[in-house]
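In the two assemblies presented below, subunit A is common to both, partnered first by subunit B and then by subunit C.
So, the complex of A and B:
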């Protein structure tokens, strides 16, 4: 049985109105996250991963504006919902978010335990919430949960703080957890612990995860499916081994070649740099950096092509496949 | 016995961070002699105010015209004024008036200013414009002159003095709270709280208010001396407390015609104002230094 879609993003366009001009940050993104899956969204800094993530909560930071598109969550369009409805029904109930810098994401004037009780306060009494908070801290493998619950965030290490953050977000029992670079600020050994913890918990709570990262190795280890973003476009989506072993979009191919491995002596970077999104290149946004540019790439935006089952890429090179 | 001991030790365990904070504050205070001087003066003032009816040797209002303008002696330590009232008793009772004005003014100003400032900073846009332009209007005039103008318009009385001072002081707190709010609301944990669906009111109350409170409270302690000074100034000019209220500024005002021959009549109330303002300012400076981690680390 094919799992149902939990979130469906259709033709999302987001612009940022800055003094320099209009930054066309998200350029018609289509994406689907299925129930119970671990979906990775990879791309360079500034390609629009995080903005896509915050759009799902309808919390695009200023001066960003959602111009177009819909985000269907459990059959309802979040973007056309009332702001109070989104706050009451979606945020902190159905969808929550883990931030990049765990210590900064915890309220400095609240004790760790109280952060979690606060998240639970809409659901249960104070006493019950306190008990549940300790249980949750135990669940995220925090030693001496009672002691940690009584300390303040600045007394924690980064890894501990991220666990508290995860416990806080789990407290709300979301069906989608958006993890925005959850391990970037952590040591490599702690990274692995936090990721496997996240995987465990997701399985146990039967939730989906949208993991936003720039680190392909994290994606390879943890995710079921991957979307690759470049300059506001989703260029390729597929299952992890399809993307890693058989990348079809030239950008993904370039990313793979830039990862060090035993079989490769030399690292090959992608030439050029990320385009200025105030004046993005016409046609395919990747064409100035692409090794296979043809005339058509400079004129038209490529459609998303179906390559094999569950694998799509947006490139004219892939035109042999079926148009999807 | 054992029970009590375990209760105490578990209380210590639960509040370990508060206990160490308190120790640090005591330690920092000990290092600053001026803060201790300020603190002692303020504590003394508060005690005098509380105990005024018990420690004042005479009735502050009772007139003894046969004994007017008596020089300091054993029965009247600081002498008597032009109506034969004991000056020490009047000063002691004046402490109550001064502290009461200060407390009421700050109790109005601090919440009002902080609330308006947070609202302006958090919501921005036209709300911010309206509140802050109003604040600008009040800040465009020197505080004492504006307070005098408002006090004169409302009519001379103690209550109107408090209202006048309160109206001139809230903009300082509003500006401070607004500035803090602007930086706090961009921080990651506010984003995290929004992602959790926390309502605006709750974000303001549980996250922004506690983080604004330290700076605004420090500002308030620095203002305590000012309030006493302005209130005394207004009473001196006849806009504040009315006779026979034992108010320091008023006492200086009525006593100033006796300055040459009966120097004690205006001088001792003047000293009282000096000591009170001095004490509160020293304490305010001390609290500012202690609450600033940068200054503390520098020692």
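So, the complex of A and C:
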């Protein structure tokens, strides 16, 4: 059985209007997140992975503007929905988000317990909400939940704050959790705790996760499917094994060769640097750094090609596959 | 090949309220040989950065002794100290805050040359700076630019050029690539490796990323709560980690290749505060292989388990 799509992003275009000119941050992104899956979105700084994440909540920060596209969530387009409706039903309810810096994301003048009950108070009595908050804190493996609920965010370590954040986001029983670099600010031993906790909870609550990260190794260990982004384009999407064992896009290949591994004796960087998206390169945006550039790459944007089942790549090298 | 830096029983306790102390480093001895790439690995709060700075005497230790090429430098002052500053350089973690925002690249790289009277004229200075810009893979068109005009990778190259232009023997690299993207990180590391070959350098590579340490370094010391838990040849430690902390750390480092993954040892809890660190072994609060009461009472001594492989744990 093929699980059905929970979120479908169709031809999303986002520009940022800055004093330097128009930054073409998202250049026609298509993406599908299925029910119950752990989807990883990987890319380097400035590739547009976080903007894509916030677009799902219709929260693109100023001076960004969604120019085109639709985001279908449970059959409805979030971008054309009434703003009140999004706030009432979607944002923080059906779709929630955890951030990179948990201590900055928590309200500094609210006690940890109250941050969680805030979301629950509409649904239940104050007493019941308090009880539920303690349960949630217990569920994210916080020792002495009663004590922590009575403390303020600044008294927490990074790992603890991220757990409180996760508890808060699970309180409304969301069907999609967007995790934007949730472990980047944490130590590896804490990162392992948080990721395994996240995996357990998602299974138990039957939610989907969009994990946004710059670290392909983390995705390889935790996700079911991966999307690789470069300069506002999704260049490759596939199941984790397909991407790791058989990467097809030259950028994905380059990214993997730049990651240290026990079996590799040498790191290979990708020459050049990420383009300025005020004046993105014409055609394929990766062509100035690619080793396989042909004339056509400089003229036209490559179409997304189906390589094998569930594996697509946007590169002229992959032509010969079916257009997908 | 002869030692370059040696530390003996270094302690650094920062004063904290009411006669309490943050025990950032609590008795570390180590030896770095010439032309080594030596990794200092550990999580935040383990004291690795403080130890790197103590080695350069950017921070003075509370007790213990530092030797550079056999000479005690713990208390040297004035001219000798200035000469020492030339020989020992550092590349900081964040190239966005380590370069003066209002100075041009030429001034940033060249200021050390002036301080140490290594050039006689402005022309010589420009030539020298240009030479080192080329060495780190940048051109003379960058000479008169400001740091904000450069990308993160280019800034880190400028920081490297600034450190190397004084012809040092020993360079501390304090997480030199942790603020860079992976594709840029690879190029900067390859550059550092090449420069070591060409310029006969010794590196202390401070990192929290064990997979980088494995790839880039020859010896490694793993720190936890101000103490050294395990020390030896990098390959030995990764093939046969012996301290329970190292074992856990190696197992949870994310790996791209499924074949390299082992069963994850997920540690409970977090690194304790260095203000009142636990008695005995600092790791006993999270250790899954605790031997018994001895771990809570006595601090384990470092023992040589195989040739050149030291472990501080009561298991052995």
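In the analysis below, the second predicted complex is superposed on the first by the 324 of 324 C-alpha atoms of A that agree within 3 Å, B and C clash if a C-alpha of one lies under 4 Å from a C-alpha of the other, contacts with A are read in each partner's own complex, and residues count from 1 in each chain.
Here, a contact is a pair of C-beta atoms (placed from the backbone, for glycine too) under 8 Å apart; a residue touches a chain by one contact, two chains touch by 3 or more.
Fair warning: this is a prediction, and the values are worked out from it, not measured in the lab.
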> Following superposition onto subunit A, is the placement of subunit B relative to subunit C best described as a clash or a fit?
Replying inline: fit
>> Tell me which touches more residues of subunit A here: subunit C or subunit B.
In response: C
>> For A:278 in the superposed arrangement: first (subunit B), second (subunit C), both or neither?
In response: neither
> Touching A:190, do we find subunit B (first), subunit C (second), both, or neither?
Replying inline: second
> Looking at the overlay, what does A:172 touch: subunit B (first), subunit C (second), both, or neither?
Replying inline: first
> Of the two partner chains, subunit B (first) and subunit C (second), which one does A:244 touch, if any: first, second, both, or neither?
Replying inline: second
> Which of the two partners, first being subunit B and second being subunit C, lies in contact with A:45: first, second, both, or neither?
Replying inline: second
>> Quick check for you: in the superposed arrangement, does A:259 touch first (subunit B), second (subunit C), both or neither?
In response: second
>> A:216 in the overlay: touching subunit B, subunit C, both, or neither? Say first, second, both or neither.
In response: second
> Put simply, what angle do subunit B and subunit C open at subunit A, by C-alpha centres, to the nearest 10°?
Replying inline: 80
> Across all Cα pairs of subunit B and subunit C, what is the smallest distance in the superposition, given in whole Å?
Replying inline: 11
> Between subunit B and subunit C, which residues of subunit A are contacted by each of them?
Replying inline: none
>> Can you tell me which positions in subunit A touch subunit C when the two form their complex?
In response: 44-45, 143, 157, 159-160, 187-193, 196, 214-218, 220-221, 241, 244, 254-271, 273-274
>> Please output the residues of subunit A touching subunit B within their complex, sorted ascending.
In response: 57, 59, 87-88, 90-93, 96-97, 99-101, 104-110, 118-119, 122, 150-152, 155, 165, 168-169, 172, 178
> What residues of subunit B sit close enough to touch subunit A in their complex?
Replying inline: 13-14, 16-17, 187-189, 191-199, 206-207, 210-211
> Okay, in this complex, where on subunit C does subunit A touch?
Replying inline: 43-44, 151, 153, 181-190, 208-212, 214-216, 238, 248-249, 252-258, 260-261, 264, 266-267, 269-271
